[in-house]
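Just below sit the structures, each encoded as structure tokens.
Okay, so chain A shows up in both of these, paired with chain B first and chain C after.
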Partner chain A sequence: MSSGSSLLPIIAILPFLGALVPGLMIRAGRTACATFTAAPTILALVMLGVLAPDVMRGEVIEARIEWLPQLGLSASFFLDGLGLLFAGMILGMGLLITLYARFYLSGEDPMGQFYTYLLLFQGAMLGIVISDNILLLLIFWELTSLTSFLLIGYWKHLPEGRQGARMALAVTGGGGLAMIGGMLILGNIAGSYDLTDILTQGDAIRASEWYLPALILILIGAFTKSAQFPFHFWLPHAMAAPTPVSAYLHSATMVKAGVFLLARMWPVLSGTEAWFYIVSTTGLITMVLGALIAIFKDDLKALLAFSTVSHLGLLTMLLGLGTKFAAVVAVFHIINHLTFKAALFMSAGIVDHEAHTRDIKRLGGLARLMPVTAAIAIVTALSMAGIPLFNGFLSKEMMLDAASETVWAGSHLVVPVLATLGALLSVAYSFRFISHVFLGPVRDDYPSKPHDPPFGMWAAPGFLAVFVLLIGILPATIVGPLVAVAGGAVVGGELPYYSLKIWHGVNAALVMSMIAVAGGLVVLLLHRPLDRLWQAAPRPEAKVIFDALIDASAALSGWVTRNLHNGSISRYLAIFVVATVALGFAAWNGGALAPATRPMLPIPAVVAVGWVLLVVATVLVVTMHRRRFQALVLIGVIGLMVSVGFVYLSAPDLALTQISVETVTIMLLLLALHFLPKHTPLESPLWRRTRDGVIAVGAGVAVTGLAMAFLTRDFSTISDYHLANSYTGGGGTNVVNVILVDFRGYDTYGEIIVLGIAGLTIYALMVSLLTGPAARRLRNTDYSQDRSRDRHPLMMVVATRAMMPIAVVVGIYIFLRGHNQPGGGFIAGLVISIALLMQYMASGFAWTQARQRIQYHAMIGWGVVVAGLTGAGAWLAGKPFLTSAYGYIDLPGIEEFGLGSAFLFDLGVFLTVLGAVMLMLYSLSRIARYAGETVNVEPMDYDPSKRVEAIRNGGE
Partner chain B sequence: MDILAELVIALFLVVSGIFGLVGSFGMIKLRETMQRLHAPTKATTLGVGGVLIASMLYFVVVKGSFSFHELLITLFLFLTAPITANFIAKTFLQAHARESDLPSTERSHGWALFDDAPSEKPDA
Partner chain C sequence: MELVVASAVGVLTAGGVYLILRLRAFPVILGLALLSYAVNVFLFATGRLAINAPPVLQKYGEATYTDPLPQALVLTAIVISFGMTAVLVMIALGAFIEAGDDQINMTETDEDEPAGKDAAA
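Coming up: the complex of A and B.
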């Protein structure tokens, strides 16, 4: 670790932290907002500048923070020449784009949002280029897909923007998915997910049998990102974004991510036939195709978009050639492409901004109207064409040089000819850009009278144009060292011989270049007839195909979902039960069952009676379930018998829970049944009932067999551990409660959350029920026949009032002693809810509700929060989540009770249970009132004491 | 153990058993719901009461300690049994009886089931 290494993570995190600022600073005005957006970028750039000298000397700066070491994921960063080049480009361009966007965006665009997205994207890109861990790289990779989605779709009101953003996300996200697979394979081969390790294992990786799958998957990721054929179609559609976004994404960052990855992986993956043929061929096709389409595009930005596709193809081809010279040329061209393409995009944006159109056919003669913009655009377009004295010329010469020596499938001609063709076409569209937009006569039918924009707007492209010239004239002085160190990082060893200068003498490349320029001029002169031919020719429309594909896959997944998930809960249950029984049967068949070690116990008479009751009640439920009230009574019987069973088997906690759950359930079900039909109609045919019967019997037999198998054998369970550690580890003698709040506290925490969600879901269902067709049925049903005049009888009201304090005391008692004796938060919650339920039943919900001030929603929330905070409190003591601490409290008057973190946790459980039950009751009450139930003013229908009082007041 | 105490406890248990049996038999024997209501609420309550007295005696005389549980159970039994019966009767009337079937209350107000409660103002 060198001294500067600690700066790397800070550089990586800065844009993300900075992304919080623009949203706030926009209140201070647009200029302030832009300034504060620039601040983190400048800061990061300065830090990069601090690190740069070391990197230029050939050092590699590394920083490592463990994140999830078990997965091999660490937040480790490293900065070598390639990383420095890209980081510099991303940050520098980010700065220029910030400036440009300040003037480009109109007053109606939410600028704070734009800058936030921009910084997020910048952070993601920066992360890619300085990640050392490939898993971390994948995270940043996906982040670029997501943030570019936000940026491309920034103009949400434009359908093109939304569609373009979706398309970009689908294509690059899909590619990212493939890349995850490729990277994992790569990491597996190398035995490490650290790039620095992987880069040293090139030979092992190339020799591995998994090399080809990994290569293809990674290439899919890189090609989708870099818009290589056949994935190139998303890039032109992404042009619906504001121009600053296009300039940033498509010159320096997003699309270069794929190229960066190819360059990064170059030492590891290149040098094989597969690499050469896949990568260079794709690059060549993309280069020629992109340039060809670009010539016939009338939209300025579309022309530039396809020229970007073409140049990315060029870069891909160079990296695909596999020679060190070509790789260094690629690095050089990355710099050149950035300078001229970003400036061109910005100029196109200026033209659009001033003339209110980007249609080349409506433009022309702008050189006289906006000389500064024209100068910038012409300089950079000449560079794009590859004219001497501009930087594009240098890298194009070197590219042609590299191409001229390449043999493709035994042919010496294919690559040089195609490369020359690509160069020729690129000359053609560059010249078209210059002559059809800026040259020619001044027209009088521009949608808006164009003139040069303010300085702030042309400063950024002007700055880049100066660079284009400087690099073009003095390449070795300006970028020589950077190309050397970045190229060295790509090729991973000795640099090949190359020279950055304008005149190399008359060689093959120069001849090819001259052919390209002459041919390009011819194409430009013939543009009109060629354009007519092109427009008439049938072409596949990528967007139509893409939309058809997306629709088809949406239809397919819809079909699968509808068939698997059709809303019939009996179907899910049937599938689940049959699958479980089948699996259990397979396990029983497969494994040998040890012989039974425990003898059968005698059956006492009392137990036999209970068993008969249980069985009879169960059978009756099955036969009588169509009569709902009777079935409910029988379910109550079953519940009571189960509780008795728990008591008999010495499980008082479970018995208490069972009884209280049973009571609450039956009460709520009774209330709900009021609004439902009293009978279940016979709906399913006989064969289905038979089928269901067979499934049920099969499952029952299987469960019985399983229970018997366990009960008749000795086996060691976790119970022994719980019994041994309950008091020493959890501070409680009630093992059940200690398990709930301590050993399995996480489970309980999850369960109370689920319970809370269930309560809220019932509430939500009730709300939607009261707005749907069911609400109309409810309103139209006449319940008056069932309704007594005597809804709140005196006797019931008085008795429940008297019971209330007793029940509450019982609840508190059960709650307090829970840790050591049967009880606990769950049971206490149920007991208190029963106490309250009684009040609600006696005097009506609305009357009772008006007398308490606690929101049940909030109670659920507080319960979860209290339990969660209790668990988190363990962190303060440096222990894991939910570790309990405990002590004992001896208040005078009542027996000693344990007070620990478990106690607070139990309080959370208590609150959630109470809140959920009461919310369910509240939901039912809402339905009742909707169905026409009136709200009573008095607690009971007839209050004799009032009558006595009235008689006394009124006199005899 | 005191033979007398044992006898008394046994007597209570036997008597309560008889009451319980009668109550359960009444459920089958009696025809109308309103008649049947008497069996569990009266006979069976008495039966349970007998068991409770036996239990208290057992704890006082034999174990030498006083047990509160039975008192509480008695309290709850006396509270719940009448209210339950009252509710069952009300529900039955609501579902099966018309106002005209019921005898007159011979007051200014009809049955609570069908008539609103009297207002707070004294009768005219």
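Coming up: the complex of A and C.
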């Protein structure tokens, strides 16, 4: 590890930090904004420069920050020759684009936004090329898809911009998903997610049976990103972006990410037949096809876009050939393509900016009107055509050299001929770009009078044009070392023999090159008739196919959704039950079941009676569920049997809870039934009831089998800890309660909050119901037949009044003893709420409500606050949340009881349960007030004491 | 005894499933109540069955205790399922008062005129 390694993560993070700035700096003006955008880029470039000498010596700089080592995910970076080349291109071009965009964007465009997107994108690209961990690389990879979406759709008001951005995102993002799969397979084969490890295991990976799936998935990712056939169509549509974006994305960065990945993975994945045929063939097709379409494009940017597609195909083909020489040529061409293509895009942008059109048919003769731009454009276009003295010539010669020695499926001719054809077409569109835009007579019908832009605008392309020339004339001096170190990183070992120079003597490549130039000139001369032919010829329009695909998949998912989600809850539930039973059955069959070890307990007669009662009640509920009132009574029987069962099976706390909840539930359902129909109509046909019956019996049998299976087998439990520590650690002998308020206090805390929320939800539903149109309906419905004539009977009023203090005392007793004996906050809260509810039932809602002083909402709130503060109190003692402390209090007259923080916590539970239960039933009862329930002033309908008084008064 | 508990859970489940597949809100609520019983007893039974062994520590002498953990979980589950039932009842009630019937499935007309009802009301 080198001393400079700490700089790598900083380089990676700089653009993201810098992205925060432009949005603010735009207030200080456009130049300030551009300057502050350039600052992080320059800083990162300087740091890269510091690291560069080490890398050029062949060292690999690594930096590692562990993140989730268990998952093999770490923020690790490394910088080798290839990374250095790409990082330099990304940052350098970023700087030039920042400068160019400062002059290109008009005053109406939100420049701060643009620079923010640009820096985000730059950071994502930078992350790809210096990531060591492939999971991290994938994150950056997807980030480039997202940020390029923002950049391409920057002009939100243009529909083409939005569509282009969406298409780019769909294609590259989708490819990214495929690549995630491929990378994960790769990491699995290699046993590590670190590129530096993976790169050393090429042989093992190529020999693996998972090699082909991984290769194909990764290639889908790379091909979509690099716009390879048949995914090439998104790139031209992305041209709706502002020109600086096109220049950046389509020369140095976005589309090169795919090529970068191919180069990065070259030592691992290449060298097999599959690699050769898939990659080189795709590259060849893309190269020829892209160049062919480019010739017939009239939009300058579209021409350049298809030329980019073609050159990316060239690079892909070179990497696909699998020879070390071809790989080094690819690296060289990456540099050359960057220089001339970025400059060409910027020149096209200048033409568009000045002449207000990019249509080649409306241009011509610009060389005289804007000589500087013309010079830059002509130099770079000649390089694109591959004319000597310009850098494009050198790499094209080497490409043709590599192609001339390639045998494809036994044929010596296919690759050289197609490569020459690609070069020929490339010459044709490059010459067309020069002659139809800049040469020829000056016209007088430009939409705007063109002239050269200010220096700031042509500085960036001019700088690149100088590079084109320098590399073209002195290749070995200018880029020789860089190509060597980057090429070395790609081929992963000895560099092959190659020489960067203009004159290699008369060889096959030179002949092919001459054919290409001559042929290109012929095509240019014949452009007019060829163009007419091309326009008349039927050809598939990628956008139409893409849109049709998108529409079809949207229609398919719509169809699936409509059919699965048709609004019938019954159907969802049936599907859910059947699926669960089927899955459970599959799992049951999948595993071996250990033999039964637990002896069964005997069945006493009383238990058998209880079982019969429960089963009969259940069957009756099901068979007579249409008579709702009777069904409710039977539900009560079931609840009672379950409670008794809990008592019998050593669960006194559960029995107490169940029976009090049962009471409250029945009251609640009775209240609701007051407003609901009393009978369920017979709606489902016989076949449906039979079907549901079959499903129900199936589920029942499945659950019985499952329960039997585990009940007859032993198990291991963690409860021994609870039993052992309940008294010593939690201060209580009722282990269930200690678990609730101490061991699992956090769960309980969450649960009382849920219960409180349920109470508040019901209240909110009630309020919204009573303020909506439903209130009118309620008022107009006549419920009077349902009412008893003796609604508030004397006996009940007296009994509930007498019971009230007793119930409260019982509740307090249950609460206090809960820590040591069955009881506790939950049960006490339920008991006291039942006592209160009885008052409501006996004397009516309004009468009771008038005497009720405490808001139930507040009670819920206080309960949660008390429990929470109790838990937080542990912090004061320096312990974690909800650590309990306790002591014992021996008040004379009553049993000894523990007083500790658990007691306070249980008080919170108690208050919340009481408040929530009361609020729920209170809300339901309040609806009754709207339904014409009369207010009774007296606690009971008939008060005998009043009568006695009246008689006495009357008698006197 | 095990068979009694297992079959009781099965019967409750079957009854509950049949009722939640009905078309009206009230039977569905009843079905959910039955399912709650079934689930609670099922969870409770995962601690295995024991008689006369409540998990309340005895001061004197050795005693066996049943597994307290499922009991603690089921205790809160009972209370929470009450809260859930109450919310469902309230929703069913609101739907009934608003719509005039307590059918739980969307009918064809509901889908065709989603805004029509508001306009009419």
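A few comments on the model shown:
Going forward, the second predicted complex is superposed on the first by the 565 of 956 C-alpha atoms of A that agree within 3 Å, B and C clash if a C-alpha of one lies under 4 Å from a C-alpha of the other, contacts with A are read in each partner's own complex, and residues count from 1 in each chain.
We take it that a residue touches a chain if its C-beta (ideal position, glycine included) is under 8 Å from a C-beta of that chain, and two chains touch if they have at least 3 such contacts.
Here the structure is a predicted model, which is why all the values come from computation and not from measurement.
Of the two partners chain B and chain C, more chain A residues are in touch with C.
In the superposition on chain A, A:185 contacts neither chain B nor chain C.
Of the two partner chains, chain B is the only one touched by A:799; chain C is not.
Of the two partner chains, chain C is the only one that A:722 touches; chain B does not reach it. After overlaying the two complexes on the shared chain, residue contacts for A:628 are found with chain C alone; chain B is out of touch.
Once the two complexes are overlaid on the shared chain, A:836 sits clear of chain B and of chain C alike. Once the two complexes are overlaid on the shared chain, A:309 sits clear of chain B and of chain C alike.
In the superposition on chain A, A:774 makes contact with chain C only, while chain B stays out of contact range.
Under the contact criterion defined above, no residue of chain A touches both chain B in one complex and chain C in the other. Within the complex, the chain B residues that touch chain A are 79, 82-83, 86-87, 90, 94, 112-118, 120-122. Residues 566-571, 573-574, 577, 598, 600-603, 607-608, 611, 614-615, 618-619, 621-622, 625-626, 628, 631-632, 635, 638-639, 642, 645-646, 648-654, 657-658, 661, 664-665, 668-669, 672-673, 675-677, 680-681, 683-684, 692-693, 695-697, 699-701, 703-705, 707-708, 710-712, 714-715, 717-719, 722-723, 726-727, 733-736, 739-740, 744, 747-748, 751, 754-755, 758-759, 761-762, 765-766, 769, 772-774, 777-778, 820-822, 826, 830, 913, 916-917, 920, 923-924, 927 of chain A are the ones touching chain C in the complex. Within the complex formed with chain B, the chain A residues making contact are 786, 788-790, 793, 795-796, 799, 802-803, 941-942, 946-947, 949-951, 954. Interface residues of chain C, counted against chain A in their complex, comprise 1-30, 33-34, 37-38, 40-42, 44-59, 65-69, 71-72, 74-76, 78-80, 82-87, 89-94, 96-98, 100-102, 104-107, 110-111, 121.
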